[in-house]
Every structure is written in C-alpha cells, then in structure tokens.
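Each structure below is given as structure tokens.
What follows is subunit A paired twice: with subunit B in the first complex and subunit C in the second.
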Partner chain A sequence: MDKTATASPNAPKTLIGQRVKKPDAPDKAAGKTRYINDMVLPQMLTAKVLFARRPHARIVRIDTTAAAKLPGVHAVLTGADAAGLHFGFVRDNVPLKDKVRCEHDAIAAVAAETEEIAQQALALIEVEYEDLPGVFTPEDGAREDAPQIHDNFPGNRSLHFAFKHGDLAAAEAASDVIVDNVFRPHYVTHCCMGTSCAIADFDHKGKLTIWTQTQYPYNYKMDLAPALGMHPGDIRVIQPPVGGAFGSKLDVYPYEPIAALLAKKTGRPVKLTYTREEEFRASPTRQSAIIHMRTGCTRDGTLTFRSADVLLDNGAYTSWGPTIPVIMMRTTSGHYRVPVVDFKAQAIYTNNPYAGSFRGYGNVQTTWATAQQMDMLADQVDIEPLAFHLKNAQLSGETTPQKSFLRECALVECLQTAAAASDYSRKRKEYAALRDAPGRYKKGIGLASSIHNAGGAKIHKSDGIGTILKVDDYARVTVISGASEIGQGIDAVITLIVAEELGVPLEHITLVNNDSDIAPWDVGVHASRTTFIAGNGTRRAARKAKAQILAGAEKLLGEPAADLTLREGAVVRVQDGKEIIKLERLLRQMHFQAEPELVMVTDYYEPKSEPEGAAHSSDHSAAYAHAVHIAEITVDTLTGEIKVDKVTVAQDVGRVINRMGLEGQIEGGLAIGLGYALSEDMRIEQGHLRNACFRDYKLITAPEMPPVEMHLIESDCAEGPYGAKGISELPTIVIAPAIANALTNATGVRIFTPPMTPEKVARAIVEQRRQASAPQAAAQLEGATA
Partner chain B sequence: MMSVETEIRFMLNGREVALTVPVTMKTLAMLRERLDLTGTKYACGEGECGACTIEVDGRTVNSCLMYAVDCDGRQVTTIEGLRTPQALHPLQQAFVDHGAVQCGYCTPGMIMQARHLIENRPGLTREDVQRGLEGNLCRCTGYTKVLDAVQDVAAQRAAGCAGAGAD
Partner chain C sequence: MKLRYFAWLRSSMGCEAEEIALPAEIRTVGMLLDWLPTQGERFRRAFEFIDVVLVSVNREYAERSDPVRDEDEVYLVPPIAGG
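Moving on to the complex of A and B:
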C-alpha cells in the first residue's frame, strides 16, 4: 500500500491508526457498568457447590436429606442427578460427579434463598469417601501399574499428536551442534478479576437463557447442550460485561450446567458465583508440559532440525489444555527456518486440576523452549545471536514445513529494529564479559522472538463471522456482530471501522454483540483472531451499506455513485469534497419515497485459510506474525531477584487500527507474560493446590511493570482489514524466554522450569559456583595428597 | 443462626443513610447487596487485590475487610460518589482518555486509590504512583496506561495549583 497517499492535502482524515477510546470505558470508570457478577433477577436463588477437596476417591455414600430440609433450600443435586450428562471434548466430564478424580470435582450443589443458607446446607451434606491411590505426574500416570482414572481411557492415555517432516536421522548426522534439554513449563491460572459466574433461567417452553462469561457463544451452545441433555437450539446465551477472560471461558466448565440444572429443578433463576479461593481451585489452568527439545545447526549457524517430545499432564478431564500441541507443533516447525521437524505429544490423565486455553495457548510453553535453544545454539557455534537469528529468519513468501504460508513476514525487520533500539549486541557482549567480575548486581540482556497465527486459526469447521448492519433514519448505525467483548476492545475496533467507512461520528454507532438470539455466528475470542476476522466482517458490511446509500443518492439526486463518498455525516463529492446532502436526510428520502428502502445489510466473512486437518499440514491461518522482545534486567546474585529494567518490543501488527487499544493489548499481554516468567506458580502437591489466594500466588503489580519501548512494524497484510494482523497473544508468549536469555547473559545460569523466582535463581547461582569451584577444590586436594 | 443486627447511620457519597445490618456483614456486602452500589467490586474478599477500595474518613480501605457496623458515624465515599450526573470526575475521564480501562473490573478500586494519592500527595512522581497503586491488581492493562492517566491528572492539578499560587 502506498503510504504517502494519505499525505495529499485533499485526502480525507483517516481513523485507521488513530487513538480511539473504548466505548464502554466511561461507564466502567464511573462504576456504572453492570457486570454479570452484579446482576440480580427477581426470584433469583443463589447456588453453592460442594467440592470433593480430595484428589481421587469413590463416593461410598452421600446423604442430602438434612440439607434439603433446611428452610430456604430449594434444591440439592448430586451425581445421581447428572448421570449420563457427559460433556467435554472426549465426553469425559459430567457436571456433578459420582466418582472423585480431582480436588475441585463438584459432588453436590445447592440452590437456596441466600448464600448463607446455601453454605449452611452444604455443611449438612454427609459424604463418605473411600480414598483411592492417586496419580500426580504424567510420568506416573503412564506407568503400567498406575491407577486408572477413567475406565474408558486405558493407560490413562488422553490425546496424542504427531507431525514429521524430513529425515531426522540424516539431519542429526549433518548437524555440528545439537542442544538437547528438558523444559518444564509450569501451572499458572488466568486470575480474571471477576470470578466465574453464571445465571440460568428456564421459560415454560423449556428454553434456557444463560447469562455467562463465555467468550465463544455459538459453539458454547453445542458444548453445553449435552451437559444438560438438551438441544443446542433451545439455549440462549447472553454475555453481560465480564471481569476478564483470557481464554478461561473458551469451554464449558461444570459450574455452568450446575446452575442450569438447579434452575431447571427449581423453576427459578439461579446464580452461581465462585469465591476467589474457588476460582483458584476450580477454574482452568494454563497447560503445564514436559518438553524434551532438540535443535541442531551447522557450524556456520544454519538450523538443521528441531524435534520435540512432549508429555502433558492432562489433569482429571479433557478441556482445551491437552489440545495445545496443535499450536506447539506450529512453533516447533515454524519458529525460524527449520528444514526437518519431528514433533510428538501425549497427554496423560492425572488427579491434578485440568487446563483450559490461556492467552498464548501452547506457544507460551513452546517458545519458552525454542527461544532459549536459539540463544544456546548461537553461543555454542560462537555466532553473535542477532546474526544467528537473522541467518535463520524466514522471509516473505516462505512456507513452513506445516504449510503455514508467510505471505508478509517481518521477522527480519522486527529483529533489526528491536536490536538496534536496545543496542542489544554491544550490551550482550559487555554484560557477558562482566559476568565473573566482582559485584553483587549483574546486568543482562536477552532476545527472544516467536511466530503466531495472526489471521485466526481454522481449528473448527469455520473460522468465520456474521455481521448485520443497519443505518436508521437519523444516520445512527447499529452493528450486530458475533464478535465477543471480554475487555480486549473489539467494541472500539468495530466502531472505528464503521466510522471510517460510513463517515459517521463514533458516538453514533451502537454495537450489539452479546446475545446469541440476536447476533450471528462467530467462533469466539481466541487465536488473536477478533480484530482480523470481525474487522473484515465489519468493513465488508459497512461497505455494502455505503454502496446502497450511494446508489440511493444517485437515484434520488442524479449524481453518479462512483463520484460520491460519505464523510462527516454527509454525502460528498470525492473530487472536491463538496457536500451533496446530509446523510440522515438522504436516508429519510430513501425510506419515505415511492420505492422505499431501508439500509440493512448482512455479511458472512470466512477467512481464506485451510482447516487444520488430522495431518496438521495446512495453511490454517489467514496470516502469521512475529514479535521480538528484548529484556534488560538486573540480577541480585545474593537474593536471586530479577528486576526487569526495560523491555523493547518490535511486533509485526500488519497495520495499526486503534493505536490505544493495540498498545494496551501489548502492555497487558506482557504483564501476564512477566507474571509467568517471574512469580506466578500454582503449587500443586498430591493433587492439592497449596496457594489459592493472591497473597501466595503473585501477580505482577504496578511497581514491577517495567518501561516498555514499543515498535509497531506495519507489514500490510493483504488479507487483513486495512492490512492489520491479529496481535494479542504474542506479547504474552515472547517475554519469558527473553528474560531467561538475559539471566544467562547476566549470570551464566539457565532456568528450564519457570517461574524464575528469587529462590530458584539464587539456588542455580549457588549450584553454578559450587560446580565451578569443585574442580579447583579437587585439584587442591590432589596437590595436598601428592 | 440469625446474627445480631445493629442500626447504623453514616454519610454515604454526601447523603446520610441509615440502615440495619448484621454485625457480621462486611462493608462491601452492605454496599453491593443492601445499597445497590455495585461499582465497588468483589475480587478476593481478603484485602489482597484492591478491587473493593472505598474511602472512609479520608482514608482508603478495602471494604471487604471492614465491618459494615464500623461505618457508623463516618464519611464514606464510593466510586459512585465521584461523578456528577453530568460529568465524570477528572480521574475517571483520564482513565477513559488514556485507555486505562479494558475489562474495567479493577477500575473503580484503582480510581478510588489514585484519587486518594492525588489528593494527599502533592508532586507525585511515577514511582510514587506505582507504589501507591501496588495493592490494586489489574490483569488486563499492564498498569502502564493507568499510571499515565493518574500522572496526567496529578500534573494538571499541580499546574492548576501553581497557577492559583501565581495569582
């Protein structure tokens, strides 16, 4: 695209790339927004869940008689009420359990007039358990004599994935250097500030309305239906404002069908809300993994192969967590030019909590490994890392072994920009030279990059979106879009695009996107897809409306439509900008005439991408993008504390749409990545979570957020709206290995299991010193005896 | 099982309120469930996240930790008390203008704490704001735009005060 075109004096002002305020921000800042957690309906009952709080057990006896008799209690349900209501990817879950497979299994639920009564009722439920031996690591779960967790999944084997490309043995033989490590990405959780909440209500035709935090309303109906023994068509999903989601609401979790089952039983609306402690225990985690990765290169620094053998702790049930190999393999095969790839992954059931999807889905874990091995390889072949990265960086037009077509690839530009802006190569050399110098505080700099889908990911049969757009007699626009809003700012993007296309003020645009009975199909907010997919859908719908309006102007006013455009609430001539008619006046004339017409258009947009397929060899996204992070840190070698002094980000964003929203996504994504890297850690021991509170599970706070220098690289994606690519996951993906590489630069130690807590770093430094001094001590000892 | 109830009277957002509350009730629950002031949020219930921050007699407190009965005789301000029917408080507007609101769930608590900082600490540096907001968790924004918004209002206020002083 000709970037100078906008410089012409007659060119209209474009909103693309401007800073647009989030339309819902004023009410949110005022405390006026009614979140789902704030909602109260007439006659509404409060539900509470009895969790097993033991990892593996048979329920010998459960007696709810006393609970049911408590005044104010309207229903008590147990596993017997949910028999046969199997749901989940492999139908291994039920809303209420008759056997305990993890500590947060719901074994009974109560609906009562108040929370206090519901709580009292839970205490009256008598349960007798027979504890069973548990499985707490995937290695243990895979053993032949391991206890069986699900009868119909022999050997505790859950999902498995594989992808091979090229001759691995030959590539290994051709390698001068091979790095071979085991990385153990850990458990973290989303920590949405608004805890999980659902409100369910049935009408007398048997239709369920569920108010929920879901970020995928349409497939949600399909996934919720079997948990209730219902037809998906009889479910209406309403999405009130939510306190964050980050991937945690991309599946059905038991509390949602439990609320619905209680509503069905009582005939009243039922609300179920988690406490923070319940949220920590019972909401999904990020998938942990054991990644045995090998990467090879020749002495001149050319990558020869990458292999990954991945073992996943499936936890007790199968949600999105164990499906992450779909993206793990894309990174394994596509992070730099890797000619030969061998990827395999197996998920094993355990009695641990189970993972869902979480921003950066699979790529956070894989980039933790690939980006560290790139750093190690550069050192082993003694090539300056930037040069090593550049040598292996893909260029526009290349295709990865899995057939990801990198039509517009800005990896080289990202690398060069970030490295130049941070003076990376010089600092890295300088800090490495000072590593063994005296002094408690050491500086380090680390570079990491990654690749991610940036135009959706066709893992479902469709990756499309429906859009309905109407313009009323007053030139007020309503966009009815399938795109969900979870705080990320698609509301700002959609209104910006409509304003851009139709020349109406931002305040004159209303977005309706939270009711499955009104808005058309969308896959959901995931895979960094929404600006790309909904942006395209909105633009297409707006352009159809514009064409109809300009045709109306031609018909009524005799000016050729091709000479006209819409600007500042009016129809204007393109050539001289002269106003022909106010838009709202034209719309009324079109409406109230002999051949009346309303401006109402629909659009269905399906991106040009290929279904993932069982062979995992397809161009599954309509675009791909890269980001480079350079972290500058100071390490206190005594305490092991890492202070991140600065992060330089260079990211291929295709084209900036809403600059303010984009910056916010990068900063926010980075904060989640920083927590992953430095402090967040679910301590799960024998199936029990030991730190289910913010005091012991440390999120990044305001003082820990480093300055971020941002370079937005505009590669101008041919398929993206105005050239934009999806952007929101890469910031979370890249930062942890950048810090890990900086830690090695500063101290020489390398951490394979995040987070890089002071304790872990200090331990590694002590161990390194012990090993370094051991040969010396041995030599001294030898000298003494000789 | 019924808990003891007590009648309390206090000033809430500039108006006197009187109600009877159980002695075990927390201020957060009273605000949300009894007074329909849902702008103050529950997010942890144990004083670790700041989402329920309100101001009581000029001090910010976690309303999830404070008993409702302790509001008796005090001046209480919640997020709803900041704006006029016509306009947002300058800090609320700054949060909007700077993109400091994403999901917005932590925003009311963040704004209450920021307002307290600005009103009590002239000459706020960025580090002061960071330290001052340390107890308010946000999972969406990475804090940067929150800090920008608060510093902007602090700077405006300082400029306003300097101007007034010059006169």
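Moving on to the complex of A and C:
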C-alpha cells in the first residue's frame, strides 16, 4: 500500500481510528495457534469419505463388508444409514447419498484408527454404478426433455426471484441508447488455507459437541439438526481458530453431519478433514451466472431503466449460491439512480458442483455487469465517464426502488476522490487516443463502483447480536459475544471499543466468542455486518457497564456520576482529568461492601432495518455504502497478459474503527477480486473439476499485488458504531469491472466472461483485429474486382 | 386463506401452496402461527420452528400482532444466509 488518506481527522486521545493489532496475531505469526486442523482429542478416530467421482449415476450395488472387517476400522456408513436425513435450504441434500447427482457426492464414509487405515478401507468398498445422462448447463437443464436430477423438483427448477418497479416498456421507449449484453460470471472457489474440517463427539446424554469452522454457529445448529435427526438444542458448536472462511462456512456441508453420524455410531470422537484436492472438489463455489442485462439512458446521460434476466446453475443441491438474487436485485435496482427496474432470476439444477456464499455474495457477479454497462453507455452517448457517473449518482437521503434508504451516501465523494487522485479523466482520454498507435504494450485506466449493504441485511427475522460483559475485581474485562472471528478482525474491533469506553488497556480485555453454549445469539459473520452489529452491541454493553461503575463511584465516593469518566485504568473527573480512584480499587470496593455489586451487563442490539420480505421491497440494511476502484493496467497485446500497475480505492467506511484491520480487509478483498478478474477459474467439464490443485488454479499472491492507494471516506453513519459502516465485501466486488473497463480503454476489447486470462484477452484482440481488417480487405477486393 | 411455502417449508409441507379455511377466531399472525401446528402431523412437524420464519401477508412483512383474514395470501419464508 502506498498511501492512506482519511477525509476527516479523529479527535485526539481516542482509540477510534487508530492502528490496533489483532490480539491473535503474535501467536499466528509464531506458529503457536492451534487451528481446528491441528486438534487431537483423546480416543479420536479419523474419517475418510468415498466420493462418487461421476456426475450422475444410480448406485446399483454397494458392498462394505470387506472394509468393515479391516482391522482398525470402527464404522462404515452408506446412504442407507442417512436415509431420510434431509437438510439444506430446500431439504434436497442428505449427508450420504443413495443416488449420485454430482462428482463430489459422498456415498460412503469410514471411521478408523488412522487415516491410512481409513484410506485402505475406502479401497475395499465395492460399488457398482449405472451412469445416467447428465445435465451440465442451466440452459440444458431447463429443456423439456432434460434428465431429472431430483424427482421432486420438476423441470430441474430450483429457486426463483423477481422484482419489478416502474413501466419498463415506457422506459425503453424513452431511452435514446440501450446497451444489451450477456455476462457470464464463472466458477471460483474460496481457497481457504485451512481445509474443511469437523470433529464430532457425543456425550452420555446424547448431546453432540461439534468443533467446526462455521461462520454462523446459532443458525448452524438449526441447519445441522435435520441432517442428524436431532433437536438443535442438543448441539453445541465450538469454533476453534480457522484458516479462512470467506462465506464458505455459512451453510452445513455433508462432511459435518458425516463426522457426527460416525461419532454416534462409534461412540468416539471423529475427525474428518479434507485434503486440498477434496477441498477443491467438495467445498462450495462462488455462484456462476448467466446475466442478460439491459440498461438505457437518454442522450443527456440520464439512466432510464435497468433489466436483468438471470439464469443460475444451481448445481446438484441448493446451498446459499442460488439465493444470491436477493442481493443481485439490490445492485440492479440501486447501483446509481435507476428509475425503472425489471429483475428476474431462475436457478436450474445441474450435475455440476454447487455454490455457496462467497464474499461479495451476488454483487461480484452483478457489478461485473452493471459497472461495465455504465462504461459502455458513457461512451455511446459520448459523455466523459466521470461526468456520466456523477450525473446518475445518488445523494444522501435518496431511496432506491427497493426502498434501500441511503441516509449517508458518499458516492459522489468516492467518485471525485478516486478520479482526482488517479487523474482518471485525462489518462482515459490519452490512452484511448493511443490505442491504435504502434506498440505492443498498451496502457489503460478503468473506473468502476458499486453499492453494498453496510449495516447487515435483515434476511433473518432478527439481524441482532447478544453481548455479555463483565469487569472483575482487577479491572479485567471479559466480553462474551456472539460475533464469530474467522480472521476478519472483530476481535480487535471489540477490544478496541471496550478499551475506548472503559478506559482499560487493550491487553486487559478477553473475548469469549467461540462456544454456542456460552456466547449469546448472533446471525453470523456475513453481509459486511460484524463491525457494525457487534460494534454497536459491544459499545452498548460497555456503556451500561460504565454507567454502573460511575454510579458505584458516586455512591462510594460522593462524586456525581455525571462529572466522572473512565480513563487509563482510573475514574477521573471530566472537567480537569484528575484521577479520583484506580478503577480496580473501586471495583473491589463495590464488590466487598454491605450490598455487594459485581459489574455484569447484558445487551441485545437489533439494528434499525426491515426484514427482506417476500416483496423484496424494504430497507433491509441499517446502512449502505459505496466504493470506487480505478485500475491502471498495462496490456501486452501479443500475449494478452494484463499487468495491474495501480489500484486507487475510494470507499465510504462511515468511520474508521481499527485502521490496520480496515486496510487489511481492503487489501485482502482486492486480492480475492483480482484473482476473480484475472486468473482464478474452476475448469468444470461434464461435471468434473479438471484443475483441483493450486498448480492449475492460480491464486493472486503477494508478488502479484499491485500498489494500492486507499482513500477512506468518512460519511459518519448515524446508526453505526462511532459512525462506522461495514466495509469488507466492497473491495472484492468492484475491482474486476474496473480492470475490464481499463482493458477496453487500452485495447477496445471487452470481456464478458471472467477471468480475463492472457489467452482470452489475446484471442479477443486477434478477433478484433480480424474484424477491423475484414471490411478493409473486402473493400480492397471489391476495388480490385472493379 | 392461501398459504405459500418457501425453501425447506415447501419440502416439509410437500407443496408450494395450499388453501385453508381460517376459523373466525384466528385474527392475527401470531394466532395463525400458534394454530397451524395443531392442524395435523404434517403441520406439526414442518412448523416446529415456525417462530424463526419470516411471514408476509399479501406480500407485506408482518409481525405476530398484525391482522389476518381468510381472504389473505400468507407467505412463509425461512431465513437465508449471505456473503
């Protein structure tokens, strides 16, 4: 990172906006962290899964006799042992299958003393399949004569979503220009460094403890229960440190109930860990999509409408991937001021791997389309793009067609800041003029923006969080929070807020947030919500504790509570900062007195947002935010390679809480977005993943990260903690179309299907040249003939 | 009254939608959610955790205290997760 700038300076002597290290960073850096993958329990067995490795088949016969007899094997389970244990959003999945619907279907599982024995046992399982015709594209799946993947989902039709606002026909008629394109966002996967892992153990009462990497422990219990035929109340979820999640752990996946079923069968703890290859094949993907998008505007550059007709490859089962239209439609209707909207999406079952949640949930795919069409429209009406964007940018106080209320909207500031910092308009004009000049290497600059929920998303009845906070006799604070830590840094944010409110050192604060039997309820880590929601919950709890402490001071010391505050481990006078008493002494005096008092408070924070609802017309987030990315690239027109020279980011963050964490989230989000844009691609052919390893699946790593210039715009969100907004998904969402727009600026080529690999770009350049020269050649031929 | 089911409720109930005759004494969403599980084993099993489900009456989000009538269309939508 080259530079960080902030629009408004922080008040002195506050921790808010400072750089605070993650509490777990030293252990992680020193290799002392014990991730779930490192855990060993006494008497623990190791599980392995037999995957079908074929996309669609009937299981004619399965014989586990030899495997079960192998010394060291404690249990072998098949689909017969999981009959009726339907789970998933539409209950179309079971832990172990009696019919194969995708290549990573688990058809048997073994628990053994060692991994080697379990692996040997898998080899002894005899399976006879009858392969069935497969469906490998949503278009094929929707055909009348397509093979049926699930008997109870006729026509292979899965989820459907729709939203309409305004008169589309009239808006089209009023448009001077309409761009009409089909975008095909592709499959990528999360690539967590810690592969999927679960450890399950039952106690004598039949209660299950599951150690897992889940991002949503409380709703997880309800989702796991039907996969085991249990009551959710009999499940305890413990979240050890995890090596990444990024949305991939927002649902129950078969390995988790399989571990539990084996633990139940054997009466011993069972651990199931995916290998890297299994992780590629059997963990969820980002949802692929076919987006037919149309956007119109008048000659003066005013947007008139946007429509999107989306076809989703559901894959074999329904996880959260096909639910992304909930957010896709928000971007379709809310990315710039769009008066008329027509959105529909249909998911179709196929025999491909299935998608789950992934950072940017639906918005990565939609912004890939909307941000490119904004660039195209600007060119078609011949308006300088920045001016075109500014003309259609919403302002504070506006409401989108879906009733998202943009109370503090900083889109204009983001656009102006990023454009000025990168000299966008001048460079874009200059590079376009040089496009056809001689030379192999071409420069390009591209601007893209997007909008995302920044205060949670009320797609559950409650988007709230519970917090318990206690302060002990030594002024050590324990926060028991529902907020899960998956590496994103809520541990640092919570401790920073407690230190800010109670005036205690950061190292005197302990966070307990990884055990569903201890910590109170929370929706989970998703929707850019945790700093916003848990930040508010923590602040409210800390302020309750502070009020109790200051009331105690008033009672014991006779100083009015209103005149006191907490600072540097002491009770001090507000007026002159004079220390009245050390905090820990006061706490002991409050405790050991005639009417003993401990400082223990609880809080449940519910954001002011409205449930999504069936009509998709509600203010479903407590805040919304924008980001603008400007990508500067060099294109090798011979090889098609794109080198990203610099990225300028301007993002509405509400207010910076932990500057180091925020910068890290933007950098990390960019890395995921850059991989999506340039290199990551799951090559799925006839239902088989062909590149299940990091040699053939190219992540963006440190050497490929471009310089990033960050501008953190502080819009001061009225509902957010200290004014903060959620920030973590926008960096992933915006970068790919910024690069696509830069590619067009450099070469004239536009790519609709990411990633923009060298091969794809080079082919597009060659094709463009061929088409450009074809009329010329035809004219020459015509002249020669004449 | 028309009941429309989504996601796992659809699978659990075995249909996308169905008509029911709403007794006159059922006047609110809360009363409806308390009454439905008493209407047979299929309802009892599917509605065991009905309190987490989002309810819309005539496509508008509804709380337990909101009124319902026999001519209403009621959507029952389980929660989903995000990114």
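We take it that the second predicted complex is superposed on the first by the 774 of 786 C-alpha atoms of A that agree within 3 Å, B and C clash if a C-alpha of one lies under 4 Å from a C-alpha of the other, contacts with A are read in each partner's own complex, and residues count from 1 in each chain.
One rule holds for everything that comes next: contacts are C-beta pairs under 8 Å (C-beta built on N, C-alpha and C of every residue); 3 or more make two chains touch, one makes a residue touch a chain.
What you see is a predicted model, and the numbers here were worked out from it, not measured in a lab.
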Touched partner set for A:Val60, first subunit B, second subunit C, both or neither: neither
Partner chain(s) touched by A:Ala702 [first = subunit B, second = subunit C, both, neither]: first
Per-residue touch tally on subunit A - higher for subunit B or for subunit C: B
Partner chain(s) touched by A:Thr275 [first = subunit B, second = subunit C, both, neither]: first
First (subunit B), second (subunit C), both or neither touched by A:Lys28: first
First, second, both or neither for A:Met660, with subunit B first and subunit C second: first
First (subunit B), second (subunit C), both or neither touched by A:Ala433: neither
List of subunit B residues in touch with subunit A within their complex: 1, 32, 37-46, 48-49, 51, 78-80, 82-83, 88, 92-93, 95-99, 101-108, 111, 127, 129-131, 133-147
Subunit C to subunit A touching residues, read off their complex: 6-8, 10-12, 49, 51-54, 56, 59-61, 75, 77-83
Contact footprint of subunit C on subunit A as seen in their complex: 86, 88-92, 152, 216, 219, 222, 226, 232, 247, 250-251, 320, 323-324, 326-327, 357-363, 457, 459-461, 524, 526-527, 610-615, 618, 729
Interfacial residue positions of subunit A with respect to subunit B in the complex: 19, 21-22, 24-26, 28-35, 37-38, 120, 190-195, 241-246, 275-276, 486-489, 660-661, 663-664, 666-672, 693-695, 699-703, 705, 708
